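The same subunit A turns up in both complexes below, where it pairs with subunit B and then with subunit C.
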Partner chain A sequence: MHAVVDRSDYRIKPDSVWSGLWKKTAALGIVGLVVSAVGLGQDPKRFAYSYLFAFFAFLTLGLGSLFFVMIQYITKAGWSVSVRRTAEFFMSGLPIFAVLVIPVLISMGTLYGGWLGGHEGGHEAQAAQSVSHGAVAKPSDHSHAVPTTHGPAVSLEERNARAVEDAKHKQHAALVHGKAGYLNKSFFLIRVAFYALVWIFLSMRFFRWSTEQDVTKSIANTLKAQQFAPIGLMLFAVTLTFAGVDWLMSLEPSWYSTMFGVYLFAGSNVVTMAVLILATLGLRKNGPLAHAVTIEHYHDMGKLLFGWNAFWAYIAFSQFFLIWYSAIPEELVFFHMRWTDNGGTWKGITLALVVMHFVVPFWLLMSRNIKRRLGLLATGALILVCMHVVEIYWIVMPNLGPLHFHWLDVTCFLGVGGLYLTVVFRAMEGHSLIPIGDPRLTRALGFENA
Partner chain B sequence: MAYYEPIRELDEAPLIEPGSRLHDITEDISRVSETKAPPGWWIAFSLALCGVGLFVASVGYLFWRGIGVWGNSAPVYWAWDITNFVWWVGIGHAGTLISAVLFLFRQKWRTAINRFAEAMTIFAVICALIFPGIHVGRPWLLFYVFPIPNQMSIWPNFKSPLLWDVFAVSTYFTVSLMFWFVGLIPDIATLRDRSAGKIRRTVYGVLALGWRGSNRHWQNYERAYMILAAISTPLVLSVHSVVSFDFATSVIPGWHTTIFPPYFVAGAIFSGFAMVMTVLLIARTVFKLHRVVLMRHLELMCKVILTTGMLVGYAYGMEFFVAWYSGNEYERYVFVNRAFGPYAWAYWTMVGCNVLTPQVFWFKSMRQSIPVMFVVSILVNIGMWFERFVIIVTSLHRDFLPSSWGMFSPTVIDLTTYIGTIGVFFTLFLLFMRWLPMVAMAEVKGTMAQADPHYHEPSEHGHHAHEVHKAHGDASAPSKGLAPEGA
Partner chain C sequence: MLTKADTRVVEGPPKRVALLLAEYDTAAEVMHAAERVRDAGYSKWDTHTPFPIHGMDRAMGLADSRLGWIVLCGALTGLTAAFTMMYWMNGVDYRIVIGGKPPDTIPSMVPVLFELTILFSAFAAVFGMFYMNKLPRHNHPVFESDRFAKATDDKFFLSIESDDPRFDLKATRKLLVASHATQVEVVEEEEE
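Presenting the complex of A and B:
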C-alpha cells in the first residue's frame, strides 16, 4: 500500500539551482528592505502604500496555499498528494508575515488616517471629499483639493460651492465616525494579532503534520489533519475576510462591499494555482520531481487554475456590476477612483485586468491540449501571477493618487518577497519535495486523467 | 492504484455494498418499474394528485379574479410568488451541481444520487417557472417577455434583470433536460432489453435512441456527457446569480448587496441537497435501494449540507456586519428590523433552520442517523423558504416613507398555490420513480470493482464469477467503466 520510494530521491540536489537559493533571496530581501527603509525616511506616504502592496501580493499567496492544503485534506484527495508539499512550502512562509506586518503598523497613521483620526488622517478625511460625478472620491493630490482662492472677492457661486463642500466634509466625517466601534486603533491591533496567531498556528500545524509523516509514516497524522481541516477552514475564512476589510477596504473608509472577502479569496486561489504550476515546473527541471508530478497533475492543476480564474472573474464582475448598476455614491467611490478620478490614470490598468486577468487566460487555458502542453500552461500561469500582482497594486495604490510608478514599489516588493521566499526555499531544502509518508501517495504517483 | 482498493486505515470504503454483482444493480433498479408499485407509492401519488388539483383550482381562481386574491399589497408588491419562485429554482440547483460539478471533481459517490437530483432539477424548475408566469397578472401577455417581433414593436427591456431571468432559467432548464436525458439513454436501453410487453419495448426502444452499448456508442456518449457537464457547470453559478440580480441591482436596502450572487448560489445548493436528501431517504426505504445508496453516501451529503449551511451563515454574517459598517442608516435599519421587527420570528426561523440545525452534522453519529437527517433536511428546506421570504418581504414592508409602511399577510390562495406546486413536483417525481431508472445504473457500475480492466474475480468466490459474466448481457454494462474523469 505504501510507496516504496527512497527519501533522498525527492530532495533538492546540491548541484541544482534551487540549492542555496534561499541565501540569494535572503540577500535580495534584506537589500530591498534596507533600501525601502531609506525610502521610508524620504517619502513615508509612498512607502506606506508601496509596502502594503508588496505585503498583500505575497500574503495572498501564503493564504491561498494554506487553503489549498486544507482543502486537499477535507476532500481526501489522492491525485494532489505529490503537489501538496509544494503548496505546503508556500504555506510555511506565513509566520514571517507576523514580522513583515510591522512596517504596515508603523505606517498605520498614513494608510488609515481616514478613520484613525490622527493628524495626517484628519487632513486626509477632509481631502477625501473632492466630489466627482456625485461620488465621494479622493482628489489626485489632496494639497490642491480645497481651493485656495480665499480673498475678499469671493463670488456667490464659490461660496455656495464651498458651503456644499463643507457640508459634505462634515457628513463624511460623521459617517466615518459612526464606524469607530470597529475602525479604531486598539481593536485594529487586537485583530492584527489574532490574524497573525491564527495563520502561524494553522500553517505550522499542517506543515508539521505533513513533514513528520515523512519519517514516521504515521497514518494518524493524515487523520488528524483531515479532522482539523474543517475548523482550520472556518478560521481561515474569518481571518482572510476581516484582514481584507481591515487592511484594504478601510483604506477608503466610506467604501464597503459584502463581496470583498470572497473577491480576495478568489484572487488568492488564482495566484496559488499559478505559482504551484510554475514552482513544480522549476523543481522538475532541476530536481527529482519529474516522476512524481506528471503531465496528468499539470492537466488537473491547469483545470483548477482555469476554474479559479473563472470564479475570480465571476466574483469581480458581480461586484463591479452590482455597484455600477445601483450607482450608490459610497460604493461607486471604489470604481471611480480607478476610472474617472485620479485623472483617469488608472483606466489602462483597469482594462488590463479585464483583458489579461480574464479574457486572455480564459481562452488560453480552456483547451485540454494546452493544459497538457507545459510551455503554454506555464505561459498562462505566468500571465496570471503577473496579473495578480497588478491587481493588488490596483487595489492598494489608487487610494494614494494617480498612477505613477516609484522605485519604492520595486524595493518593497523585493524586500517582502525576498524574506518570504527565503522561508519557503529554506523549507524546500530541508524537506522532501513530496510527502513520502502519505498513505495516498501511490494514488498520486499513478494518477491518470482518463 | 486501483480505484476499488480503499485504504481501510483511512476509513475508506467501497461505494457499493461489498459482494454486489453488476447484475444486482440492474435488478435492484429496473425491478421498480417492472413490478407493481408498492402501496406506499399509491398513497403518495394520490396525495400528490390532490396537490395538483389544488394547484389547478388556485391558479384557475387567480386567473379568473386577478392578483388581488393573493396577499400582495402596497408596499409588499412581491411576496410569496417570488419567494416560491426563488425557492424552487434553488432546489433545482443540486441536480446540476451533483451531475456536472461533482462529475468534473471526480466525486464518484455522486453516481448513487445524480439521477435523482437531475430529475428533481427538472421538476423543481418547472414549478419555479410557474410563478413568474402567473404573477404577471395577465398571463395571456406573457409572450412579451420573449424578444419576439410583434406588430406593436414592443420589445422587452434588455436592461432589466427580470428579462435576464427569463433567459437564464430557460437556458438552465433546457441544458438540464438534455443532460438528464443523455444520462438516461444507456439505462433506458437496459429497461428496453428487459421489457416483456410490446408497448413497453416500443416506448423504451424509441427513448433509447437505438443504443446498443457498442464501444463506439460509449465513446460518443462519454464525450457528450463531458461536454454537457462543462456547459452545465457555469450554469450552476449563473442561474442563481441572475436570480439574485433581480434583487441586488436595485437600491432597496436589504436587497442591494454585492455578496448576493455567490450567497444565492450557496443557498441554492444547500436547499437542493436538502431536498435530494428528503426524497432519497424516502425512496431508499420504500424501494430498498440499500445496496446502492450506502450510509457513506448519506454521510457525504450531510457534509455538503453542513458546508453550504456554513457558507450561507457566512453570508448572513457579512450582510449584517456590512449593513452596520456601511454607516447607511436605511441599510442598518432594515437589518435591525429583520432581526427585531415584526418579522423577527421569520428571521430567527431562518437562522435557526439554516445555520444552527446543520451544525449537528459535525458529529458522526448524527451523520449516520436517518431520522436526524430526515428532520434536518426538512428543516433546511423550511429555513431556505424563510430566507427568501425574509429577504423579499422584510425589505419591502417598511418603505422609505413611514406613511407607506405596511404588513404582509398571505391569503388562503397564496397557501394553496404554494402547496399545489409541491403537489405538482411530487406527482412528476413519483411518475419518474415509477417509470424511469431512478439511479444511474451504468454509472454506478462504472464505480464498481468489476469495471476496472485489471479486476480479477477472487478465486475463492468462483461461483460469483459465473454470475458476473451472465450480467454482461446487459446493454448498460460499461465497456471500460464509465471512467468519469478528466476534463
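Presenting the complex of A and C:
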C-alpha cells in the first residue's frame, strides 16, 4: 500500500505530551475524589446527584467505545482497524467503574429513596426536595406538603384542592408500589453486580484478544472476536438499557419511557465518535498515528458522528413527542421538571440541547468538505462532547431541584474522569497505538473513500 | 468495366465515427490511461469497468459531485412546503384544537416536516442523478462494439467521443495506442 509500515513505531514517544499523562490524571482524580468526599460529609444529597452525573458522563464513553469495538468485529470492518485501538483504550477503562460505582451505592438511599425505602418514605423525601409551585397544581406536581387536617374552617375550594392532592398522592404511591417487583433493593444490587460483571468481562476479553495479537499475529484472535461479537452486543444492549432504567430513570420512580435505553445508547455513541476523533487527532499531532489515521478515516468517523447525532435527535424527539402528545401525568413529569417546574430554571438548558446538540452540529457536519477539514470536524466533535456532558447533567440534576451549580459538580467530574482516564492513558502507554497484528491492518492503512 | 471486387457497396444508412474505444486488461492500466487522457485535456470521455476502482475520480480529474447541492435544495423545498402547508391549514385557514394542543404548534408538525424533507430529498437525489447522467436515453454508441460486453466481465474500457473538441481520429488513436491499450476500436453509429 501507500505507506511503508514500520510496525515497531506505533508507540507513544517518551518526549510526547501523552507520555506520563496518566500520572497527571491520577493526581487530578485523587484530589477530585478527596475533595468530593469532604462534600459528601457537608451535603450528602448534592454529592449523590453530582457524583451520579459524573459517573454517567464517563460511563457512557466507556460503553460507547465497547460498542464501537464490537461493531467493527461483527462487520469485519477493514477501514477502521487503525482507529479501533484508540476505542479499545477507552473501552479498557470500563473495569474501574466497578470501583467508581461504590459512591453511587453509598448514596442510593438519597438518590433512590423514592422507591428504596418503601413508597411512603420516598414520598416524604420527594416532597422535601420539590419546589413550591404556587396555587395551581400541575399534573407533575409531587409536592404533598399540603396539611391533611380537615378542620371545619377550611373552605370548600380548599378541601377540593386537598382531595385532588390526596388522589395524586395515592396514584403516585400506587404506581411506585406496582413497580416494587422490579424496583427493590436486593434485585437492584443483583443487577448492579450483573452489569459490572458483563462490562468487565466484555472489555477485558476484547482488549486481550486485540493486544495479544500484537505479539502473536495470530488470525485466530480476530476470528474469536468476530464470533463472540454478536453475543457481546446482545449482552451490551440489555445491560446498557437496564442500567439506564435503574440508575437514571428510577430517579423519578413514577416516570417511565420505553425509549430511554435507546436514548442513552444514542448519546453514548455520539460522545464516543466525538472523543475518538479528538483523541486520534491528539495522538496524530504528537507523532505515531500520523500515517495510520488519514483524512479518509476522519471522513468516515465524521460520517458516523453525524449519523449517530441525527439518530440521537430522532430518538430524543420521538421520546419527547410521544410523551408530549399523549399528556399522561406520570410520563409528563420528566419534561415538566425540565421546563415549567423547578422554577423554569432548566428551560435554557433544554433549549440549548436542541440547538447545540442537534441544529448546529447537524448543519456543521453535513458537508463532505467539512468532514475532511480537520479543524472544522474537531470543532463539531468538541461541541458534541461538551453537549453530551450537559445532557447527562440535564438528565440527572433536575431530579434534585432548580438549576444551580455547585463546586461538587466539578470535583466529582474531575474525580471520576481523572481515575477513568488514568486507566485509559496507562493502557495507551503500555500498548501499540494501532493493532499491528491485525490481518486487516494494511487495508485500513491504504483505505480510501471511493 | 468495374469488377465485383471494386464495387464497394455500403449497406444501410450512412454512418459516422461516434467514438474511439480502447480496451485494457487490468484496472491499473485503464487508470494510467485515464490520467493521460485527462492530462491531454479531453472533456467528453469516460471509463467503463466491471467494478468501481478507487482513485478513478482523481485519475479522470472529476470534480466532487454537485448532486448533494441538488438534494439540499430538494430538502429545503420539502421542509418549507410542509411547514407552509400545515401552518396554513391548521393555523390559519381552519383552526381546530386536537388533543388539547395549539393548532399551529411546531412539535406536532415535526413528523410531517421530517417526512416531506426526506421525500423531496429522495426525489431530488434520484431525478438529479438522472439529469446529471443525461438519463433516460435509449442507446449509446459504445454498445455498437461487440467487445464492449466484456466491460461487465473482465475487461476495462476507455471511450473518447468524437464531439470532443480535441478529438482527432489519428492523434487520439495514437494517444490510446500509446497508453498500452490491447485494442483500439473505431465505433460508428448511424447518422441522424
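Observations, loosely collected:
Please note the rule applied: the second predicted complex is superposed on the first by the 404 of 450 C-alpha atoms of A that agree within 3 Å, B and C clash if a C-alpha of one lies under 4 Å from a C-alpha of the other, contacts with A are read in each partner's own complex, and residues count from 1 in each chain.
Here is the rule we go by: a residue touches a chain if its C-beta (ideal position, glycine included) is under 8 Å from a C-beta of that chain, and two chains touch if they have at least 3 such contacts.
No experiment lies behind these values; they were computed from the predicted model shown.
For the composite obtained by superposing both complexes on subunit A, the positions of subunit B and subunit C are in clash. By the touch criterion stated above, A:Met234 is placed in contact with subunit B alone, subunit C being left untouched.
When both complexes are overlaid on chain A, the residue A:Arg368 reaches subunit B and subunit C alike. Judged by the number of subunit A residues each one touches, B leads among subunit B and subunit C. In the superposition on chain A, A:Tyr325 makes contact with both subunit B and subunit C. Judged by the touch definition given at the top, the superposed model places A:Thr379 against neither subunit B nor subunit C.
In the superposition on chain A, A:Ser16 contacts neither subunit B nor subunit C. By the document's definition of touching, of the two partners only subunit B reaches A:Arg443; subunit C does not. Residues common to the contacts of subunit A with subunit B and with subunit C across the two structures: 321, 325, 327, 368, 448, 450. Interface residues of subunit A facing subunit C in the complex, by the touch rule stated above, are 317, 320-321, 324-325, 327, 367-369, 448, 450.
Of all residues in subunit A, those touching subunit B in their complex are 1, 75-76, 78-79, 175-176, 178-179, 182, 219, 222-223, 234, 237, 241, 245, 254, 256-262, 299, 303, 310, 314-315, 318-319, 321-323, 325-328, 330-331, 368, 439-440, 442-443, 446, 448-450. Subunit C meets subunit A in the complex at residues 52, 54-55, 57, 64, 68, 99-101, 107-108, 110-111.
Note for the complex: subunit B touches subunit A at residues 1, 7, 9-12, 104-106, 234, 237, 241, 245, 248-251, 256-262, 310, 314-315, 318-319, 322, 324-328, 483-487.
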